[in-house]
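Labels for the chains are A, B, C and D, by order of writing; each one numbers its residues from 1.
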Amino acid sequence: MKPTEAEIACFEAGVKLGSLYHQFSGAPVSIDSIESLSSAIEKSIENQPYCTEVSVEIFKDKVQNSMNEKYRYTELKGDMMEVRVEIEYKDTEVVSKMKVDGGYPLMFVESIEKK
Amino acid sequence: MKPTEAEIACFEAGVKLGSLYHQFSGAPVSIDSIESLSSAIEKSIENQPYCTEVSVEIFKDKVQNSMNEKYRYTELKGDMMEVRVEIEYKDTEVVSKMKVDGGYPLMFVESIEKK
Amino acid sequence: MKPTEAEIACFEAGVKLGSLYHQFSGAPVSIDSIESLSSAIEKSIENQPYCTEVSVEIFKDKVQNSMNEKYRYTELKGDMMEVRVEIEYKDTEVVSKMKVDGGYPLMFVESIEKK
Amino acid sequence: MKPTEAEIACFEAGVKLGSLYHQFSGAPVSIDSIESLSSAIEKSIENQPYCTEVSVEIFKDKVQNSMNEKYRYTELKGDMMEVRVEIEYKDTEVVSKMKVDGGYPLMFVESIEKK
């Protein structure tokens, strides 16, 4: 069978989360560059088709705890951030998220609504 | 509303294609290393949850045409490859693909089947 | 033989350019997100050891020419940007650059100075 | 001052290690796909200019310890691997390495020889 509108919207949400994660994890980050990195990730992924809003929170305490003591920075990892992606495909809105669950960055569909 | 089984399966398919693309595009590749790179990408992404099969075809002629003449290699780009990803989530099978369409690497759900 | 101070400084410069290129190329970018992306790349790579300054210029016209017409964005590629990285290792300063030369993003050491 | 032959060779070594690290870390990996991934990384980076040999060892026990228990895979991180890169630039040979040192993946020039 061909996908429904809602199934396509969920597929698109998955593409955005997979892209975001594998494009930006590994980027050097320190306390002072959290803000510019999270904001650039949001604006970058929002460019992708059907993506109406991305919000990325990188947690200060996780960056702090993971920092190399000598060089005062670390690399962005999935377990340091929480991500919310909003998709609008035709008349369907999907909200999807990435959250850490038991140390593992879990990606999931939070809600699907017909407008 | 919460997602159905088929919607989750489509979401998972999207995650795999987005991950594959943004993890591996940019990798140096030449005619002689096409085979090892495409095979490693398949085995790497197949590790992800609910992913039963990945096939990656990197096109020789596109690598050839894009190669730096002096150094005889190029970097893997979306328009040099075709990808097929199979997802099995509970009783639902999804086939999704990435194909170049008008120069742009298009990702889409090909089919959804209840087992 | 073990490396001299200047040789180590050059090595460090190479690490930064290679990191920057392979971490960030592929990121979705549009005219409106050039500024936030280039600034985040600079701040991210400046975190790496011995790196005193990074400047990244992403060229508007190259982003424009490469944009998908329907979705109005493209992906960051080496030939859309120019990068300058300054390294300070002990008493040696190295300036290195990435510039497009014949379509190929060339990385090189521009100058080495003893302070 | 302009760089010497040995300084350029060290710069090139740095480019390869930075590229390798930021291109491939984050790739999904399991015990069964270590071999194909490490081999593909070697062949991919060997394509880069002046690079005569790359060897990548991904440690089984580190992959094992880092694996998600449910899904039986993890993502490649710097502290799971050791890398050796050989550069030949004109008459100079450089050997450089990446090794974990105090939890931090340290990159360095091991030796420089005139042929």
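As a convention for this text, contacts are C-beta pairs under 8 Å (C-beta built on N, C-alpha and C of every residue); 3 or more make two chains touch, one makes a residue touch a chain.
Bear in mind that the values here come from a model prediction, so they are computed numbers and not experimental data.
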- [ ] For B-C, find its twin among A-D, A-C or C-D: the pair where over half of the contact pairs carry the same residue numbers.
- [x] A-D
Task: Chain of greatest Cα-centre distance to chain B - done: C
Task: Contact-richer chain pair (by C-beta pairs counted) among A-D and B-D - done: B-D
TODO: Measure off the straight-line distance from the CA centroid of chain A to the CA centroid of chain B, and report it in whole Å.
DONE: 20
Task: Separation of chain A from chain D, taking each centre as the mean of its C-alpha atoms, in whole Å - done: 28
Task: Length of the line joining the C-alpha centres of chain B and chain D, rounded to whole Å - done: 24
Open item on the list: Can you list every residue of chain C that touches 2 or more other chains, as numbers and ranges?
Closed with: 19, 21-23, 26, 71
TODO: Provide the residue numbers of chain A that touch chain C in the complex, in ascending order.
DONE: 19, 23-24, 26-30, 32-33, 36-37, 39-41, 43-49, 71-73
TODO: State the interface residues of chain C toward chain D in the complex, per the touch definition above.
DONE: 1-4, 6-8, 10-23, 96, 107-109, 111-113
Task: Contact set on chain D toward chain A in their complex - done: 21-22, 25-26, 68, 70-71, 75, 78, 103-104
